[in-house]
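For clarity, chains are labelled A, B and C in written order, and residue numbers in each chain start from 1.
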């Protein structure tokens, strides 16, 4: 039983990490209808920027939490500037182009960011200095670290914050209007370019947060980390219904649970045939199954009219 | 009308393109002084040595490390102002990137063959080394891989394929023997990263461990890009192993050691060369303590010139050795040594000398068996202590392996990676197997 | 009219001669590695044309296309290698590979017919990964694919009992293996081009375009959208299967790492960069993306030495960096691709009232 609870916790933590990244994905998609393939790389840049600052300050005598927060404070503007630039250079000129054109530029941006990061931060893996408290608590024989609790709560809080932003503020209303129909929103006095830039700024700030959390939790960061993370987050976003914020959260957590329970139990259930080497197969299989019955994801009611 | 016009267009395009592109890329440098059979009056000759490893992608840091190792050897050789076949020789390293992709591997191999290299050091991965080895064999160019450990590489029957590192079978066997004998592990969990290397080592380990009387309580898997191992480790925890074997690289082994500690698993990990790096300590932090690993060869500190090599390397490249640099350094030196003994840089003559190699490298004294595998490869076991790999004991080595021969044979017969390949027995490559003494490295462990 | 025909005929003969002597020119002028690059470029042309049917003609975004390539390659590897001790001839396996790949195409197509756009993209991506993961792991409990170790010593293609893997001796002139494969790949690539052109102008081709432009209208016009879509998946997969078989025979080694997601993305880039739905454009895209990274590999060091007198950036980093930049630049300046279809060009000339990602369906 404690193993089962531990697997649920594992899945929840992993899922929250996916959700943190997926929220950024889904936000951009919700407004622009664009798969921002480079989002994973922004997460990577955020992680490495923060890590650079954290490494500098690791021996400064400041408490670990403060150092990490300072790292985050450095990473957020860096990622925002990056996201803003990506949108201006690679996506804005293509707003009326065929749908696949921005997808290709996104892939191009991904490759360029990866190579720049490799030139700048080197080819090797970077370790996250052990400055955060490694305390944790026990729940029914299972163990969860304090940092992991923070990650789960943070993902939920960010989702709630974003929903408030979108549903209750002026900016949010403008965003929704832009998502609904950019031309008419423009006619109504919404400055579409500003709104889209704002979306990218928020999405990139989230990417910075996600990057720091991922590298802190796994104590590792490298120039190649963004791709797989982005891919998983994309899967999570689609599973929940891309463009839908609670959907991204649900999709992320669900994906995390599937992976962890799949790796933990399906092997024994199938006599060792479908073991943990099929972890990703379980995830994609569930995704396909969900989409066959709900073609626009679990919570993607509204977006189904688009696409 | 429509069809011809279209065909015309596209065909013209393809032609134009192929040519346009040709202009873009300057042709490879004209074959400078055809190295082989250099006429004596010529004062100097440039000898090209190719080196291939992934220089981009997740293994870029290892690839660069390999290249640096070979580069150091070549620079040293140039500094000595060697004379081969009556001409002053300057070595030139052509470093290429294969991105760990088999297709790129063959393209790059062809490029080196076109450039008329006299020898190749590489590639790093078995997946690229095997398809490329065929091209080198057809072109008659000697190839020494510093780190491709898949047994199949030297079993294809190519006269040109050599390696200076013990293969997966040899290492897996030693590790498995060590785990059951010295560490007295009874319940072992095995994880591998589903790469050719990780799976190869893990399967050999499993066989040796089972033969040593241990029970495999869990066989789990991850991949070479993963960072989260919580699910498989939780499952492993429930099976209460006394040892966790990991077949894979340091980038996963490090975080895995941390997560092992966080989940409160007391069992230690053991892994082969892929995790036996300083990087592991960096990535695992204080969770590194007490884990075991193996590395082919003898500890650098114990080798004549080993410590010096370490310092030279750090001084020249301003970075620490990652993993295989000593092996690629040795591989390049073995190649140069063979050229010296052949008194020629002509590949055919070098190939005739390579089997007779007896070279004191920084990793071991290197001699080759009939297949081109390093003979009697010593394998050293280490334990992580205070942020360093502390050598425990060296197994095998120069000692002749008398009684273990039969045991070894049995082990080889059932090689897992070769599973369905028994039909390959007819090919020349496997022929060598029955003649060659099996990994003597395993002998002391098995005798026990 | 008559002179037109004669001109066209003359043009085709000239092109034929040019393509026939190309490997000799390239091989002599630049080295055999470039002929090898050409061989791979031709394989990619086949792949790109196959994906073009799905993405370009029918407008179905497929991110898992490489799975069919993998199926073709592994089928060849299993039926012509010492792995099972089976050694079928290439002419028997290649059509079989095409059929098996088509079957997998339908297998993928059937459950995802209702999905559109980005949902379709992620499901096809998942399908590609599932195939790769199975190939990577099916060495136990029964060893089918030999797992991550891959399958080596695959038989080369034999024509009239002459293996293409050995240099052919013609009148004392040694024709290297890469040249022989060039001709084989060229013939098959031309066949794929021919089939593509015939398909484009057929009833089915028009039905595909109709679905791409507006699925509901197409349905209303009496097009059986389900079968026509499935046919697109199957046809696209067929080309992938053939290319895969050729790849296995050419490399004589297959392992799962050749069939990763990046490969799917690369083929998609070829289609989009060249000009979706436009056969000459797609061919151009395939050739360009297959050759460009190699050109950069050869050119990076000398270029830097000429410009700065020393090598500032590793050629490998520079190569990938320029490749990424090229993808961005081409899309920014030619969003419909380098050589788009005339119809598409017209569409783009006047900005559509809405971003094309919305409002349809």
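As a working rule, a residue touches a chain if its C-beta (ideal position, glycine included) is under 8 Å from a C-beta of that chain, and two chains touch if they have at least 3 such contacts.
This one's a predicted model, so the numbers in the text were calculated from it and none came from an experiment.
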Requested in this report: Would you mind telling me which chain pair, A-B or A-C, is linked by more contacting C-beta pairs?
Outcome: A-C
Requested in this report: Report the chain whose mean Cα position is at the greatest distance from that of chain B.
Outcome: A
Query raised in the report: Any idea how many Å lie between the Cα centroids of chain A and chain C?
Result: 32
Query raised in the report: At what distance in angstrom does the C-alpha mean of chain B lie from that of chain A?
Result: 36
Query raised in the report: Residues of chain A touching 2+ other chains?
Result: 115, 118, 272, 277
Query - For chain B, residues contacting two or more additional chains - result: 56, 60, 194, 221
Query raised in the report: Which chain C residues sit where two or more other chains touch them?
Result: 136-137, 317, 320
Report summary line: Listed in rising order, the residues of chain B that touch chain C in the complex are 1-15, 17-18, 21-22, 24-28, 55-56, 60, 96-97, 100-103, 106-108, 110-111, 113-115, 127, 130-131, 134, 138, 150, 152, 156, 194-196, 198-200, 221, 417, 419-421, 423-424, 426-427
**Report entry** Interface residues, chain C side, partner chain A - complex
**Finding:** 55, 61, 111-112, 114-119, 121-123, 125-127, 129-130, 133-134, 136-137, 141, 261, 265, 268-269, 272-273, 276, 313, 317, 320-321, 323-328, 331-332, 335-336, 344, 348, 351-359, 361
Query raised in the report: Inside the complex, what are the residues of chain A that reach chain B?
Result: 3, 6-7, 10-11, 13-14, 115, 118, 122-125, 127, 130, 134, 136, 143, 145, 214, 218-220, 222, 224-225, 228, 259-264, 267, 272, 275-277, 279
Report task. Show which residues of chain B lie in contact with chain A when the two form their complex. Result -> 56-58, 60-61, 63-64, 194, 219-222, 225, 227-228, 230-232, 234-235, 237-238, 250-251, 254-255, 258, 262-264, 279, 282-283, 285-286, 322
Query raised in the report: Which of the residues in chain C come into contact with chain B in the complex?
Result: 4-5, 8-9, 11-12, 15, 18-19, 22, 26, 29-34, 36-38, 40, 82-85, 136-137, 139, 143, 146-150, 152-153, 177-178, 193, 197, 201, 247, 251-255, 257-258, 279-280, 283-284, 287-288, 291-292, 294-295, 297-299, 302, 314-317, 319-320, 339
